[in-house]
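Once you scroll down, you'll see the structures, which are given as structure tokens.
Next come two complexes built around subunit A: one with subunit B, the other with subunit C.
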Partner chain A sequence: MALLRKTMLTVIMGAFALIMLFPMIITFSNSFMAESEIDYNYHLIGKMVDVAAGEKNEFINLKLIPDWVSLDQYAEVLIHKPMFLHMFWNSVCIVLPIIIGQVAVAALAAFAFAKLKFWGREKLFIVYVMTMLMPFQVTLVPNYIIAGRLGLMNSSSAIILPGIFGAFGVFMLRQFMLHIPYAYLEAAKIDGAGPLRIFYSIMLPLIKPGMAALTVLLFVDHWNMVEQPLIFLEDAFKQPLSLYLSRINEGARGVAFAASVLYMTPMILLFLYAESYFIEGIQMSGIKG
Partner chain B sequence: MNSFARHLRKEWLAAVLFLAPSMIGFSIFYLFPFATGLLYSVQDTTIDGSFVGLDNYQAVLSSGSFRKAASNTLLFTGVSVPLIIMLSLLFAHLLNKKLFIRGWLQTAFVMPLVVPAASIVMMWQILFDWNGTLNAWMQHLQAGRIDWMKSDGSILVLIMIYIWKNVGYNIILFLAGLQSIPKDYYETADIEGAGELHKWRHITWVYLTPTTVFVVLMSIIQSFKVFRETYLIAGDYPHDRIYMLQHYMNNMFLSLDVQKLTAAAALMVCAILLLVSAMLMLERRFRSYME
Partner chain C sequence: MIVEIQLNKRKKTIAVVSGVFTLILIGFTLFSQTLMSLTLPKVTLASVIRGNLNHEYESTGVLKWKVEKALSSQSGWKVEKVAVKQGDVVQKGQELIAYDGKEMEQQLLDEQAILSKLKLTKDSLQYAVIEAKQGEDTKAINDATNAYKSYEIDIDIQQRRIQKLQDSLLENAKLIAPFDGVVTKVNAMEGFPSTGEPDVLVASQSLGLELELYLPDPAVASLKAGDEMDLLVDEEKARQIIGRVATIQDDEAGVPSNGDGDGVTARIPMKRLQISIEDHSVKEGMKAKVILTQSVEDMLLISPSAIHDENGKKYVFGLEQKAGPLGNAFYVRKMYITVVDSNESQSAITGEMFEEEQIIMESSEPLQEGDKIRMQPS
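Now for the complex of A and B:
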């Protein structure tokens, strides 16, 4: 009886899980379609069929499995469209500095917020958290003006620098550090270690899982950036992959699936590899300090 | 000076040093822009502007497109947040039961969170186009077609995408909340012969309240981020029903109307702050009630 219940529940949840995975599965399987087959199946996107005028009432032909398995799309994207790899590289060059910078800067600040006492600590922290909640558009104009003044317009630094100083890392690493008992630090203090020493040789090793979780979350967030590059990078040559894809959907539909797969694969692999860190990171940000 | 006071001063100095890199960048890229934005919202021009009081706010509040955007944002958040809370709570309960391949199922629910919006836009177009798969199914059921992205149905599409993307995040948080409730509470209730519903209301729901407050807050914030998907599918000027505050601000930016943009932004910030403080007050009241 219990076994039957368990099986039934698994089947129901499995069905929902399949719905969740459906867009990714279709994207993946359709990436092995030849361009001609893509065109045949999906040419109706965005077209108004006038049934009254005698046109046939047709629909897009969503196909799970291609008639012919072909690597055309991948060949086209990787070999004949140099822009794709270039923009892939642009994405990497924007995301990596943000992650490295934010983890380093945030670890230092989080240590002060979690373990050092100073006047105005709680209030300052609330200011950090508040900016985290604001939509990007709120500070759009002043950010634009500042980027102009610092000479950052149309350069990836206009995205990287604000990215490094984002408040999320400070918030999350502080939550992690709050769970480290003071006793660990006191022992080192009695031995005569200064704050920097305590931070470096005691705190940092203990919050490695926290930094891993932050890395994963930052990667996801910034790999997916759309609004910022749209505003700050006019030069298509400097734009990241997210914008390449938003353009490809209009023009070269034939390679969109393969491009999408190549774009999401790093994210999915990282997620599957570091899922426990990812989940721990989300849960930690939910625990009140 | 005694050693205690010296110690305190040393700690204060250390805090400044640890905070310095973050504070400098944070001030330049977040605090200063924010303050400047507020200043712009009460001036007539950005360069040597003179103080005009709340004129810009009045202009924004009486603008038709702002009202439309604000009411759409309110409608979207007001419908999709309660919906996602109910669904994620339900799924968290189910995932907390005895299941085969539970780890895999959980992975499937969380996966949409890491899939970049731009890589899945093509999929949404195929599903929700006039000639799309959803309409093909509806035709099959004799239900007739709907032009999803160009009718009031567009907000349903957005709600669906929002839930698909974010339900995993909430499930993780609720699962953690559920697993932190001590098992013996339920055992005691069992001995006293309490029914399932009674147990849920008086144990589960009570202990989930802090988690729920946080989930609601995060869900509201994520509901503002659905702009990215909307923008990728429908562009600068989508159907009236899904013209959100972010579209309004984006378009004010493109038409260089800084005054209206900053005033609208300030109004949005006020709304968010009100919401956050209300939620936190609710939680504090709950905590004192628990004690």
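Now for the complex of A and C:
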């Protein structure tokens, strides 16, 4: 009975996993099709069908196996369309400072909110968290005005600086630190350690999984951002890769799949590398999606 | 413990994959421009220059005597003696060729004999008139008088005939030089009658040489009769002499020229130039060449090979430099032009171009507007 249950569960879970993975499988297999084949199969995407005028609704030709395995798309993206690589490095240059900055800022702030006692701590934390709860669109206009006043428009700093001081990291690491018993801190205090020493020698090693989880989440969040660069970066040469993919239908449909594979590779690699930390971190911080 | 080892191993693998991925992207970022440029059409460039468009017209002719008289006999008699040969300098009135006029001489003797014979009847006719006048018969007097007058007329006729034969004999018996000059050709052969061609050609040395040239109408537009022009005499050592334009006349034939790709064959109007040469150092029969240069000043010049045609509209391929994400890239730009004038090596143009602008001369592949190209290192 237990075996049957286990088997059924496996089948159901496998089916779900397959459904979840299907877009990725399609993307990967289609990335080895020639540009012309992609164009032929997916030319109907984005096409409006006027049924009243007698046009028949057609379906795209969803294919898993290429007619002819080709590296055309990769060659096009990596050699003939240098914009892709340029935007890739733009993304890297925006995302890395945000991650490093926010993890550093969040770790210190979270330590203060979780383990240091000062007047108005809870109220300040609530205010801090409230900024996180507000949707991006609400803070967009003030952010835009501030960036304009600071002369940061059309500069990646307009995205990096607000990114570094995001509230999510503080919130997540605070939740993570709350699970760390005070006994560690008190023991250190007895040994004569100050707050910075405690943070550096006790807390930092203990919140490693949390920081890893935060890194993955921040990377995914900022690697995929579209609105901020769209608003703050007018110059196409400064825009990140997420905007390249959003424009793929404007004439570069033939390379969509290879670009997508290359686009998601860093995320997948990072997730796989930090997978164990990530799960542990999410569990301990009590944040579950 | 085993799980941890496996985890570490997996992490290592992922780290290696990540490293390779990053290296690949860095590699392509640094070298994609180079790799791509290898696949681009290779072009060679030339600059638009400002200058004068020169038309060079060349024509060659052979120096001929200005006045050359062809002398021949109309009689058809055999040539008895050829007194001169080609190149001989002759004086006016000098005998050139003597003809055998025996037949006519014989005829003359015959006619003279007839005249003598006629004269024999003179006395008897005179006597008859005297005798008739002594009588009273008017009719006899008239008859005798008429007979004598008829005799006189016959004598006149015969004398004129003899005179004509004598003149003809004198005229046809020999050819004489009409002026001081040079014998340029002798066709007559002793013992044979004239062949139809002039028996002898004599040229006037004092009037000098002339050159006949055919040149396109535009080339001689600025020339007029009396103008001097430089001629190159085609000897082993090319030498320059001066000629003077004697006449400029239209040549009806013209030279066919291809139209501008529209399939119509136009004819370039040609002019016939006669140039007189007074330089005595040159000889008849020498080749002489004239080179005329005409300039259209201050034009934008390009090579004709860079000009392309699109349904009669002319264009050239220029360059457009665009800042690319990984460096500057060059693209083909079509620029329409108007060809104002051209010679073999240059075309004068007007259009959306400026001096020193670079245009594409040659390409390794057929080009289209907007094509990305790489430049051939010079």
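By our rule, the second predicted complex is superposed on the first by the 269 of 289 C-alpha atoms of A that agree within 3 Å, B and C clash if a C-alpha of one lies under 4 Å from a C-alpha of the other, contacts with A are read in each partner's own complex, and residues count from 1 in each chain.
Here is the rule we use: a residue touches a chain if its C-beta (ideal position, glycine included) is under 8 Å from a C-beta of that chain, and two chains touch if they have at least 3 such contacts.
Keep in mind that this is a model prediction, so the values were computed, not measured.
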Joint occupancy of subunit A by subunit B and subunit C, clash or fit: fit
Which of subunit B and subunit C A:193 touches, first, second, both or neither: neither
Which of subunit B and subunit C A:226 touches, first, second, both or neither: first
Touched partner set for A:276, first subunit B, second subunit C, both or neither: second
Subunit B versus subunit C as contact partner of A:212, first or second or both or neither: neither
First (subunit B), second (subunit C), both or neither touched by A:17: first
First (subunit B), second (subunit C), both or neither touched by A:88: second
Which superposed partner A:167 touches (first subunit B, second subunit C, both, neither): first
Between subunit B and subunit C, more extensive residue contact with subunit A: B
Partner chain in contact with A:202 - subunit B first, subunit C second, else both or neither: neither
Partner chain in contact with A:79 - subunit B first, subunit C second, else both or neither: second
Minimum C-alpha spacing, chains overlaid - subunit B and subunit C, in Å: 14
Doubly contacted residues of subunit A, that is, touched by subunit B and again by subunit C: 270, 272
Subunit B-facing residues of subunit A, complex: 2, 5-7, 9-10, 12-14, 16-18, 20-21, 23-24, 26-27, 42, 44-49, 57-60, 62, 105-106, 108-109, 111-113, 116-119, 121, 127-128, 130-131, 133-135, 137-146, 161-162, 164-165, 167, 170, 194-196, 199, 220, 223-224, 226-227, 231, 241-243, 245-246, 249, 253, 256-257, 259-261, 263-264, 267-268, 270-272, 275, 278-279, 282-283, 286, 288
Complex contact set, residues of subunit B against subunit A: 8, 10-12, 14-16, 18-19, 21-23, 25-26, 28-34, 36-37, 40, 46, 91, 94-95, 97-101, 104-105, 107-127, 129-133, 135-136, 139, 164, 167-169, 172-173, 176, 210-211, 214-215, 218, 221, 224-225, 227-228, 231-232, 245-246, 249-250, 253, 258, 261-262, 265, 268-269, 272-273, 276
Complex contacts: residues of subunit A adjacent to subunit C: 78-80, 82-83, 85-89, 237, 262, 265-266, 269-270, 272-273, 276
Complex contacts: residues of subunit C adjacent to subunit A: 7, 10-11, 14-15, 17-18, 21, 25, 28-29, 32-33, 35-36, 39, 324-326
